[in-house]
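Some structures to go through are shown next.
Shared chain: chain A. Partners: chain B in the first complex, chain C in the second.
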Partner chain A sequence: MTDKKPDPRRPDENFEPFEETRRIPWPVYSIAIALAIWGVIMLVQTSTAVQVADKTQEEVAKEDSTKLAQAAAPDLDAGKTLFADNCATCHGDAGEGVAGAFPPLHGSDVVKLGGAKAVTHIGMRGIGGKLNVNGDGYEGQMPAFGSVLSDTEISEIASYVATGLNDDAKTISAPEVADIRKVAGDKDPFDGGAGLAGLINDLPAQPNSEAADQGADSERVAQLVGQGTDTVWACASCHGDKGEGIETVPRLAGLPAPYLAKQLHDFQRGTRFNDSMAYVAKGLSDREIGELANYYASMSSPSGAKPALQGDLKRGAQLAKQGDWSIGVPACFTCHGPSGVGVAPNFPGIAAQQPSYVAHQLAMWAGGARHNSPLGLMAGIGKALNDSDRRAVADYLASLAPMPAMDKTELAAMESNIPVREGVDQ
Partner chain B sequence: MSNKHPSDIPPRGETKSSRGQTVLRAILAVGGGLVLVVLGSLLVDFGLAPSWLTGATRDQSEAETAAAQSGGDGKQAALFQPPAESTIPDDDFGKSVRRGMAIFNDTGTNAHDYVGNDLSCSNCHLDAGRQAYSAPMWAAYPVYPKYRGKNKMVNTMEDRIKGCFTYSMNAQGSPSGGPPPYGSDVYRDLQAYFFWMSKGLPTGEKPEGAGFGKIDKPAQEPSRQRGEEVFAQNCAVCHGADGQGQKDINGKVVFPPLWGPHSFNWGAGMHKVDAAAAFIKHNMPLSEPNKLSVQEAWDVAAFVDSHPRPNDPRQIGDVTVKDAFDKWHHKHQGFYGKEVDGELMGPGYSSGEQASVPAQNENSGG
Partner chain C sequence: MQITETLGLLLALSFVISLLALTILIWAIANKQVHTPDADDARTIFEPGEGADIDYPDKPHHFDTARSGIDANSSSVVMWLIAAAVFWLIYGSLHGLAASLELHLPDLMSGTAQMTFGRMRTVHLNSVAYGWASQGGLAAVCWIIPRIFRTNLRMTGLLKLGIVLWNIGLAAGVLAIANGWTDGLEWLEIPWQIDIILAAGAACFVAPLIATAKNRNVHHIYVSGWYFLAGVLWFPVLFIVANIPGVHHGVEQATMNWWYAHNVLGLWLTPLGVGTAYYFIPKIIGKPVYSYALSLVGFWALALFYSQVGIHHLIGGPVPTWLVTLSVVHSVMMFVPVIAVAINQHVTVASNLWALKESMPLRFISFGAVMYTLASFQGSIEALRSVNTITHFTHYTVAHAHLGAYAFVSLVLMGAIYQIVPRATGKYWPFPRMIAWHFWLNVIGFAVYFFSLTIGGILQGLAQLDATKPFADSVILLKPYLEGRSLGGGLMTLGHVLLAINLIAIGFAKKTRETETENMVAAE
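Our next item is the complex of A and B:
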């Protein structure tokens, strides 16, 4: 029995229940070393890039300041370029205006009477009411450029409008603009033509201003925005005191009330995802949502956004103004209105929006994480753009002046139309 | 090794074959690592690395696919590409081209006296007249002069543009009461723009991408009722539930009206259901061409074209709708001269109802 052949199923008598230490094969080391080398190369590359960028930024800043020191008279050619970049989308390349919508700046009686000084005041504060130019009536909702253009830039544009587009001989200098900024910089937009009457002597007859009605529940809403309630925190704690937003928190000021209300309802229902906003929206009643939407729609505040994503502004401008039909993308302004001021109720203003927010949302549409745009229009556009396009257009939009607040009378008319749709609309 | 430290003495009893293995492995590992890095960077340099790894979101082939999709039937990549705006020459000819482009994109402002509605050329000729299957101007320019059945004569480009003003821009309702007179700078500048855009195309040949493209016949007779649903779901967001377009807070028309007093009139090509269906199929909703099925495109075209609009400008004096129908419309696939929900299509509007400049207090139309 002992010399019986050992059962092959039984373990070897020399079996030890542990594994012999084996060396890690050299290819594994190879890969680890390759990764390490790559990491070091990346580190070195990034730090050089940052150094180069810092240096160029310093140089640009230095150049700017020397330029500022030298500039005694405003540069009219620069003014023409700035006009094309900032004014032409509404007033036209030659300042001819758009019949029934935007008053002409070329051969305009308001510009002729007020000169470069009045143009500066208007550019700085914007206009928020009806006005007459050359006898024609206009709605007069013009953005305030004070927060997006420097004194030099405003002096160049205003001087170009007064002397280049009209025959006035007088220009305005940057220091004079700075003085105007001290007085007018943080004031609300002019109340239409009536508001201009105090600025320009002998202005032809202008429509009466409509006194803005504050509404009965404005105090309650202000509390909701500023302090929050027991269940939800204050809107302003993230979106800023003036609804201007920061980084991935969007600017809300001046967005159409029905658009804001729809987004809050979508957060509530879960058709748009964001943990913080879902929490807040669930703590709001339908009535509060309506009131908040109106509050932000009627708010005009300076731009808090600046290009920050190293996007190619020229490409961004192309996408915004002409689109890129070779990839199936129409111009942003085709739907979001001239200069991105928005078209109520479905197309929000996109001017002066925080660039990180815009780029983030475009990426979310592309990936399907956000999917609540009408007809899924934004999903297709988000997908068609590549990463650098998204950054380019976000940065370009951030360089624009903020859209003016929505007219109070129009708000009241729209209030009954604020959608509280229960069905899935997208 | 002069210094004989005990650890330098090889351990006793170990076989010689394994000596130096660690060093060999180290050399192989480092060498392999370097080779991997070099190979990897070469791959990235030659664009052979997959895009999910490098983070490049759109390489060439993807861009081509996107272009093909936007074109509709996959032929877009091979279609004529008009020159970029940046190549407009910086001389007097270039100035004329730019003026023409400005007229094309905002006709109501830049040719104000001759426009009697809220439309611009670029509303139907998308991307400033460059988009294939959206009646691009580069495809139209090389085929004129040509004989047209519409007025039974040889038409020059100027004649043709005059027709656009007369019908699509409803010039009869404009401040001047008609299209630009022959020889007007409006024609000159528009033709300069079209000519510049079609550089390199042979004359006399209709290029691929011309017109609104072909559309198949629908399986079922186009239905206004089904069309109304298609419209509510796919068009109303932009063109408004009432089809009257939308304006921004300044009253600037952003989305064009599709019927009613401020839209194209009963003589415009777009009032024909087949033309509208082809345009809609290949271009609408904006940025989502071919989203609608053939049937849906025909249905919604029938819905849009079965609403009142300004009258046919040829129908003057004592020409009745019936006369006009027999003379100009009996061969068209349209609703002219027919009754829709008890209302006769064709009599148009009185001049007061279709003033060219929109009223200032109008709601933005949503």
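Our next item is the complex of A and C:
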């Protein structure tokens, strides 16, 4: 069909293909040999890696069983270490307490009267309410450690507090702690000194209980949280029944009401970015935001978080307690309160927060996708932390006890501070 | 634990045995233990009186397929397959183009469930994989097998029944997918109930091709024959094992899924494409391939190493580490057969570049053969954990898939169609200029497509790995690259339309040459 002349080298139509007898070129040999050696090395490396992992698992199981065998007699040295890690940030290294803020555990009438058993109960459930210790009044804000410490660990701490700090002779064993957990493990924190009076006989006079006043709007809030409306998804569908959160969805229980309200307003305005939350927040009135903030602030629930990001817990503890001034990062606890329980109204609790959420938020601060902190405090910190630091601190915070629920009277006092968006139906 | 260890040992053994087999093969070739073909072997061995007059005693590698009646016998089956294949090519391309548009114009067709991305993309994949590439490849198989075996295609009636069943099954499958009825596994979306029809159709292909091979009139099987026969036997096994319902569950199902999905490429479409290129490249140029020994290494290394390749898609997934490592190692071992095939095919073309100007089919086929080399090299490297971390779950993988299934398999098959149809019908292509247009539309369109998605995919992967960026950033940055993909896809689809026009026109054209076979090359 084309006009040009056919190439003279063109074969005739009846030529059929065949293969010539030639040797395999040497590069093919060398490549094949090199790849085969590489392949064997890869497989051997993987198989040893798997063996190491298996061995560690076995060792871990062994260690656990020896620990269990020793559990009957609590290890007071371990108790001292655990006390330093979990209690000393508030109660002081020697349990001396902080006048007006945190009650003493050394020479404490509550401990002396109740013994290791009472310490176990309080450690397991926490305290949320006013109480008197040695005649001084305190705002009880004791976190519940039941969800973050094992029976053995609680028995070691409680025994150390009773015998090491208060000259009591009686320790408590892990099985006894397990029995208490069965009865008290999922109960709310003690309602201040009045609540403790039921636990400990002959306790000196305690302030009156301020029983939670379920507001008139509780039904509407329950509707929002549990079922949602046409424009608002049920809060609990992501954040959980107990506001405990999961993965990158944060724990809300016990966060300061003004903080929660500010975040919802920021989602509304678009100053904090998240597609799901922007949609939900736009469907809420200012009044509903206030009510929801109070609802979650007064909620107390056990920790649903566990270290999950293979973070270096030692490094995380260092960042949380001391900070790292070589990279310009202050201790988390400086602002977020002792043990990360939060400082109302602006600093949310970060203890027992979901590790994926914390690491993600730190990364968002670093990248600038989240930029709604007062004075841009978190942006600088986020940028200073690298990926492994973010995972380390997130995992460490997840290992801490959850913050106690906020006191109802405190809430009422703060209500006036909740930022209100102008021009929205009240 | 015990079971996984045993399985791990067995699979590791499979690597060692494959390695050993390859070593023995290479040793045997090097020491001339394997009987290499000579002129006598390649020559036709005819029964007394049968076709003796068309043999060429002076030219041992010559055979007149037209006068011996072999082509005439297979041409109707081949033309049925080509017509069906090109129909699915157009149908699948339009769906692919629509799916691509939907990625950057998300509201374009969102009103109808049948036209949403999830279904359009799936229909595209099934149409082009099982409709176009499988049937186009079978057309080449049915054309080439009788020629290299110097015997008529057997049971052509059964083959035609197979074609009818396969297309009915596929049409039903595509309809089911469009209406939301699928098995929910990638490459295995067609409901298993409909797969029974497809399996029956596949069986109708296997028997005639085996019968033809059994009745061959040559002693030595040319390399294309190995690939074709192996592919025709491998595919039904893969298809049936993967589609039996209720056998695989959970993580095991995911493992089976990628075992199947990758082997459809490596043990079905690849043998079709490589076998076709192995036949037509020397056929059109008129020179033999470089080395029989390399043919052996290329084929057997593929057969030994490919079957474990697919699991590298589960890197980071909840499957045993050794299983993934084994797959990575096997993927990288694919360098060996690919280099062997590359030397055999590219040396022949590179030393006869004049033929690329002369023959449009050769241009398609040798372009496709080069893309096989590149796609395979890229695939081996993508299987490495360090690369996979960035590129997997991005559009980079999509670009790679099209480098293999489109630039390699599809272009080889298009070249084969341009070569076969005039000889099967005895007519010239009515619009020969369109063939060149088709070639350049496909090459340019594919280049735009491939580079857009490759660059976009890497950027997407890096953005996804950057914890300080919201996920949405990795989506938004892709927009220009996705638009590039639609542009490239549009050009490629246009090229396919030109092929369809030429094919329809040749159907209406008058016969221009009855048995005349001289100067055929000029017609393309």
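To be clear about the criterion, the second predicted complex is superposed on the first by the 360 of 426 C-alpha atoms of A that agree within 3 Å, B and C clash if a C-alpha of one lies under 4 Å from a C-alpha of the other, contacts with A are read in each partner's own complex, and residues count from 1 in each chain.
Following the convention adopted for this analysis, a residue touches a chain if its C-beta (ideal position, glycine included) is under 8 Å from a C-beta of that chain, and two chains touch if they have at least 3 such contacts.
Just so we're clear, the structure is a prediction, and the values are computed from it rather than from any experiment.
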Scan A:R23 for contacts with chain B and chain C and give back first, second, both or neither. both
Touched partner set for A:Q353, first chain B, second chain C, both or neither: neither
For A:T152, using the defined touch cut-off, is the partner it touches chain B, chain C, both, or neither? Pick first, second, both or neither. neither
Regarding the shared-chain residue A:S301, is it in contact with chain B (first), chain C (second), both, or neither? neither
Once the structures are superposed on A, label A:G137 by its partner contacts, choosing first (chain B), second (chain C), both or neither. first
Quick one: is A:I31 in contact with chain B, with chain C, with both, or with neither? Answer first, second, both or neither. both
For A:A344, is the partner it touches chain B (first), chain C (second), both, or none of the two (neither)? first
Would you check which partner chain A:F273 touches, where first means chain B only, second means chain C only, and both and neither mean what they say? second
Regarding the shared-chain residue A:S108, is it in contact with chain B (first), chain C (second), both, or neither? neither
Footprint overlap on chain A, comparing chain B with chain C: 23, 27, 29, 31-32, 36, 38, 387
Write out the stretch or stretches of chain B touching chain A in their complex. 25-26, 28-37, 40, 55-58, 63, 66-67, 69-70, 81, 85, 98, 102, 106, 108-110, 112, 126-128, 130-131, 234, 237-238, 246-255, 285-289, 356-358, 360, 363-364, 366
Please give the residue numbers of chain C that touch chain A in the complex, ascending. 1, 8, 12, 15-16, 19, 22-23, 26, 29-30, 36-38, 42, 56, 59, 61-66, 147-148, 222-224, 278-279, 281-295, 297, 320-322, 325-326, 328-330, 332-333, 335-336, 339-340, 343-344, 352, 354-355, 357-358, 428-429, 432, 466-470, 472, 517-523
If we count contacts the way the header does, which residues on chain A are in touch with chain B in the complex? 23, 26-27, 29-34, 36-38, 41, 90, 92-93, 96-102, 130, 137-141, 322-323, 325-330, 334-335, 337-338, 341-347, 374-377, 380-381, 384, 386-387, 404, 406-407, 410, 413, 417
Chain A to chain C touching residues, read off their complex: 1-2, 6-7, 9-25, 27-29, 31-32, 35-36, 38-40, 42-43, 46-47, 49-50, 54, 273, 275, 359-360, 363-364, 366-369, 382, 387, 390
